[in-house]
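Both of the next two complexes hold chain A, though its partner changes from chain B to chain C.
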Partner chain A sequence: MRYEVPETVDAAVALLAAANGSARILAGGTDLLVQLRAGLVEPDVVVDIKKISQTRQVTAQDGGFRVGAAVTGAELDEHPDLKKNWPGVVEAAELIGSTQVQGRATMGGNLCNASPAADSVPALIAAAATCQIAGPDGERTVPVESICTGPGKTILGTGEFVVSLILPARPPHSGDAYLRFIPRTEMDIAVVGVGVSLTLDGAGQCIAARVGLGAVAATALLVTEAADALVGTAVDEGAVEKMQQAVRAACRPIDDKRGTIAYRTQVSGVLAGRACRIALERAGEH
Partner chain B sequence: MARNHVTTTINGDPVEFLCDTEQTLLDVLRDELHLTGSKEGCASGDCGACSVTMDGRLVCACLVLAVETQGAEVETIEGMADGDRLHPLQQKFLDHAALQCGVCTPGFLVAAKSLLERNPDPTESEVRYWLAGNLCRCTGYDKIVRAVLDTAAEMRE
Partner chain C sequence: MAAVEKIIENRIDDKTTDSKALKWVGTRAPRPDGVDKVTGRAKFGADTHLPNMLIGKVLRSPHAHARILSIDPSAALALPGVKAVVTRDDFPDQPAGAVQPAGEMIINYRDMTRNIMAREKALYEGHAVAAVAAVSDRVAGQALTLIKVDYEVLPHVIDVDEAMGADAPLIQEDLITEGMDPAPEKPSNIAKRVEFGHGDIETGFSQAQVVIEREFKTRPVHQGYIEPHACLASFSEDGQADLWCSTQGHYVARGHCATLLGMDVSKLRVTSSEIGGGFGGKTVVYLEPVALALSRKACQPVKMVMTRDEVFRASGPACGTSMQVRIGATREGKITAGDATLKFQAGAFAGSPVPAAAMCAFAPYDLEHVRSVGYDVLVNRPKVAAYRAPGAPLGEYAVESVIDELAKALELDPIEFRLLNAVREGVDSSYGPKFGPIGCIQTLEAARDHDHYQTPLGSGQGRGVATGYWFNIGGQTSATLNLSEDGSVALVVGTPDIGGSRASLAMMTAETLGIELDKVRPLVGDTSALGYNMLTGGSRVTFAGGIAVVGAAEDLIRQLCERAALTWDLPLDDVEWIEGEARPANGRAGSEAPMSMAEIAKDMAKSGGPIVGRHSTNAQGAGPSFGTHVVDVDVDRETGRVSVTRYTVVQDAGKAIHPGYVEGQYQGGAVQGIGWALNEEYIYDEKGKIENAGFLDYRVPVCSDVPMIDTVIVEVPNPEHPYGVRGVGETPIVPPLAAISNAVENALGIRFTELPMSPPRVLAAIEQAG
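This part shows the complex of A and B:
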């Protein structure tokens, strides 16, 4: 197994394209190294993207942010502006693993590993984040909810990788939040994860909403019916209840030791309600 | 297969080694450089026994490829005491009997040092969250948490 550490996006794309499918991208390695050790993946070449400056920076862009795909959770936590604007996204990324894991884990890796339970993904979906993807045919921009196609599977073609995640400008009177349920308080895999982002008008009516749902289907989901239940309301209890019903209706969970289908479905609604109330409170503050 | 030639700094000393791409930083520390203070509890990021800092960031050495340390500054448990003089955390771990078998101890010490460098006055809950990635099968954690809080209090004086 070869190790390559390109310093430009083009050099990374060339290496990935030349490897013709036998390359693996290395960001923080907190998924990849575990998979390598377990023999689940056997690449000929590992392409470390952390020396490409674009993947390591958080920059302001169009009123929002461009977050390099290889920025770590610990670094996100140290970015007050990002936290203030997208607290739900940052708190979701911060839930990933321990302090040690936070020192390495990235949102790009969390997304591209394509685990249905990845914590940052429902929050990114709720935030309407998009991915800037580089590849042999140039760049393309794809919404986060379209990246994963199933457990461990993404739309990324040979030679492609995610350079950055783009968080849009945060309109006034808006807020986001992410909650997950795990049986412990730290270091566990989500049984359910829900991200909610909403925007109010000056009078407190909801004018836009997005709900991202994780760990209850083969990929994280954008639940438009849940968002529709909130838009045009004052996010009163009736509207929240309709939103919760829509969330439960969207669940296609598996039955396993972490939770039965009935349990995950029930909990997804509960968490969606709580995340919605936090997002609403935050929207009132901005 | 050509091995990777790596030049790095470990506990302030320049170090050079050859490694296979598969080898983790923990493999190289223990098996090639004979720095066996960092322990392998799980090799999957779950236990924290292999905690080291890399460019000032607390990480699991089992989740870093050794070749990634090219040009980096790595600090391990071996760099913690100053000659025969124990670091205050090491002394407090002894005073509080915060270890039994000792396998988790290097990881806890490295992690706790990294916490106190960032936050000299942590609450108990901050200590517990910071150390959530360090597992101990013996002590029940309480003595470890007391030792860290006591060290913090003493170091602030």
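This part shows the complex of A and C:
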């Protein structure tokens, strides 16, 4: 196994393309190193992207943010503007692991590891975040919800990797929130995760909404029906209830050691309601 | 905040409540192993290395139950770098009936040799089938894949009630239930029936106005120690061997290994490492005899370390159970009868702690008519190992749940109801012996009067209490005090230090000798350093070890006085030992300047040579310990998640030698109980394989899951110990299961009769209750 530390996007792409499918990208390594030690993956080349400056920066872009794919959870937390605009996204990333894990774990890794239970992904989906992907054929931009195709599987082709995540500009009266359910209080894996993002007009009517749902299907879901239940309403209890129904209807969970179908479905609605109320409160504050 | 106040309160108590002024006993001295532990210098099981060391790995059964038709290691042996393979053929079979008590469990060597290496059948997923030693971890791992095992997969059973059924697959084809009269003719999975009690149950129930009967079911749990099993074995060509391992008892491990390998016990020297938790799970051997057998074959040292996955699949657990309890009481709150039937999973070999569970179940209560029946049942799971107060938390979970329901039915405060029926000195225990001085009532009263119990609950919260009991044990123990030429002493003990025992044993030594604590260096010696020592278990070390070190200190004092008498040319009777120095006594008082330990030590060559204090004993008179726990919970009605918001442990310590470590035991037991009550369980698939063999999906509580556990140390001295010590390490895990279940009932009005009360189970129950 070779370890490579390219300093440019092009160099990384060249290394990945040359390895012909037997390369792995190393960001924080909090998934990859665990998988290496367990013998689940045996790559010929490990390409560490942390020396590529674009992957390590948070910059303002078009009124929103460009977040390097290898920015750690702890760094996101220390970025006041990002936290002010996208509190739900930051709190989702902050839920990952413990203080120690936060010093390494990245949103790029969380997304590309393609676990259906990844915490930051439903929040990124709710935020309408997109990925800037570099590859042998140049760059492309893809919405977060289109990256994963199943557990451990992504659309990334040979030689491709995510350079940055783009968070759009925030209109006034917007708010987002992410909640997950775990049996413990930390160091656990989401049984259900829900991200909600809302934008209100001056009169308190919801003019835009997105709902992302994690751990209840093979990939994190964008639930448009849930968002539709909120748009055009004052996000009153009736609308929230309809949204919760739509969330439950979208669930296609499996029965496994981490939760039953019935439990996951029921709790997804509960968390969606709670996340929605937090997002609404935040929208009211801005 | 409350917890901090309590600690301060205890500190004041430490100084003021003692009649005899004690200098060290009862203080919070720093632990002698503390610096090494926080700096990473301490050596745990996996930290010993030797030149030419090989790595050993175990091939484990992928089946829950299968006959082993053949094992072919030839391809593995042909792999370059592989130095030895061992299988069942490398361990002599043991005679039937080779049984020996060890700690709180019974050891049967015929079973043990089958548990460390499967013989006729693999009896659980993870059962060791073969092992290799190779030059590296990678080669050893590769070699495992080359060992060919031919299995005939058999039907399996992992549920205790199913295992007791008439058509259950038989785990041991020739097992006839012990303890039945007449003995059954047909074999079954029921290894043993036990019964305890007195009076006549039906007479008792006929006197009751309220009778409550419930059935309970609990899942097996793992002890959850952080440090996986690890050892290093080195056999030499002449048949002598050394073993370094993480164990609760290196003498016991030595005996097991020598028996399993067919060697003289004294040819094997065992050194115990620092131990990263055991809780009973490191009282047995798994890797140790295998590493020795590999080393004997390879003539090189062999290191073996379990992965976490192996720890879950092949070590521990504590049993799962199925239990029925019926208790009757008069309208005034006097219990007239108690009856319990406890069915415990033993795992693949007989020997669950169901006898202890049956004995403890009703122990807190003074009952005229009481009976508890236990069944020890084989299932296709790893053989259960001891886990803090083995069995007691389970039986008391069932009994204390019904007691709580009775209190509610009788509209009595649950602590007052318990006080009406609690045992006191002189009462016949539910399982036989008459109680000596005990602190059952005192802990109940202290819990009742505690600020926690007096504080109103927040809305939606619930409060539960439960009382628990554990016997504690004594047993064989040796200690030596080697006087150095400067007057300092090396204290050598033979019990691995799990809970701070080096500190407390050194404190009792310094107290008895009348010297500064830092003049005593406590060490855990290897098996060649001392006479026999039973393992660290049964909450025995501060009790039995205390007797041994005080005995050794008295032996040392006697010799020091002899040397002074010789120097002064006085009869021994005219020399006394006061405040760490020899002084002329009686009519000769003041006739000579006192001689300190340092002065006597400096001249010991002249006065007769080296001075060594020794004591070996089979300590008797362990003091049982009662505890009462109070817990508050909050339940999220929409997700079923139970949060513990406040927790107080009240327990009788007899005498807290080191209050800080006593509190640590109380808190640790409560935390393990919280995990057991709320989230810990093994999840099996339909083939009998464990699906959650890791800490991600086997959920022990993390720090943020538990509140600061408040503690109250009650001290009802044990007259059989020089400083009044009872054991304290096990009782703290006995009450939590029931206390938390009772708190959940108090919050929701729903009685749970199954553990764990995990969020899906709690939510389902809430939805069902509508």
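Definition applied: the second predicted complex is superposed on the first by the 286 of 286 C-alpha atoms of A that agree within 3 Å, B and C clash if a C-alpha of one lies under 4 Å from a C-alpha of the other, contacts with A are read in each partner's own complex, and residues count from 1 in each chain.
To be clear about the criterion, contacts are C-beta pairs under 8 Å (C-beta built on N, C-alpha and C of every residue); 3 or more make two chains touch, one makes a residue touch a chain.
All figures in this text were calculated on a predicted structure; none of them were measured in a lab.
Colleague: I'd like to know which partner A:L33 touches here: chain B for first, chain C for second, both or neither.
Modeller: It touches chain B, and chain C stays clear.
Colleague: Could you tell me if A:M1 is touching chain B, chain C, both of them or neither one (first, second, both, neither)?
Modeller: After superposition on chain A, A:M1 lies in contact with chain B alone.
Colleague: A:R24 contacts which: chain B (first), chain C (second), both, neither?
Modeller: neither
Colleague: If we overlay the two complexes on their shared chain A, which of chain B and chain C does A:A74 touch? Say first, second, both or neither.
Modeller: Once the two structures are laid over each other on A, A:A74 reaches chain B alone.
Colleague: Could you say whether A:Y263 touches chain B, chain C, both of them, or neither, answering first, second, both or neither?
Modeller: Touch status of A:Y263: second partner only.
Colleague: Looking at the overlay, does A:R282 come into contact with chain B only (first), chain C only (second), both, or neither?
Modeller: Neither partner.
Colleague: Touching A:V46 in the superposition: chain B (first), chain C (second), both, neither?
Modeller: first
Colleague: Which of the two partners, first being chain B and second being chain C, lies in contact with A:M187: first, second, both, or neither?
Modeller: Both partners.
Colleague: Show me the chain A residues, by the header's touch rule, that chain B contacts in one structure and chain C contacts in the other.
Modeller: 185-187
Colleague: Chain C touches which residues of chain A in the complex?
Modeller: Per the stated touch rule, the residues are 181, 183-189, 191, 256-260, 262-263, 266-267, 270-271.
Colleague: Hey, which residues of chain C end up touching chain A in the complex?
Modeller: 638-641, 678-679, 683, 691-692, 696-697, 699, 701-702, 704-705, 758-760, 763-764, 767
Colleague: Touching residues of chain A toward chain B in the complex: what are they?
Modeller: 1-3, 5, 26, 28-30, 33-34, 36-37, 46, 48, 50, 72, 74, 97-101, 103-104, 185-187
Colleague: Give every residue of chain B touching chain A within the complex, in rising order.
Modeller: 1, 4, 20-22, 24, 43-46, 48, 51, 54, 57-60, 62-65, 67-68, 70, 111, 114-115, 129-134
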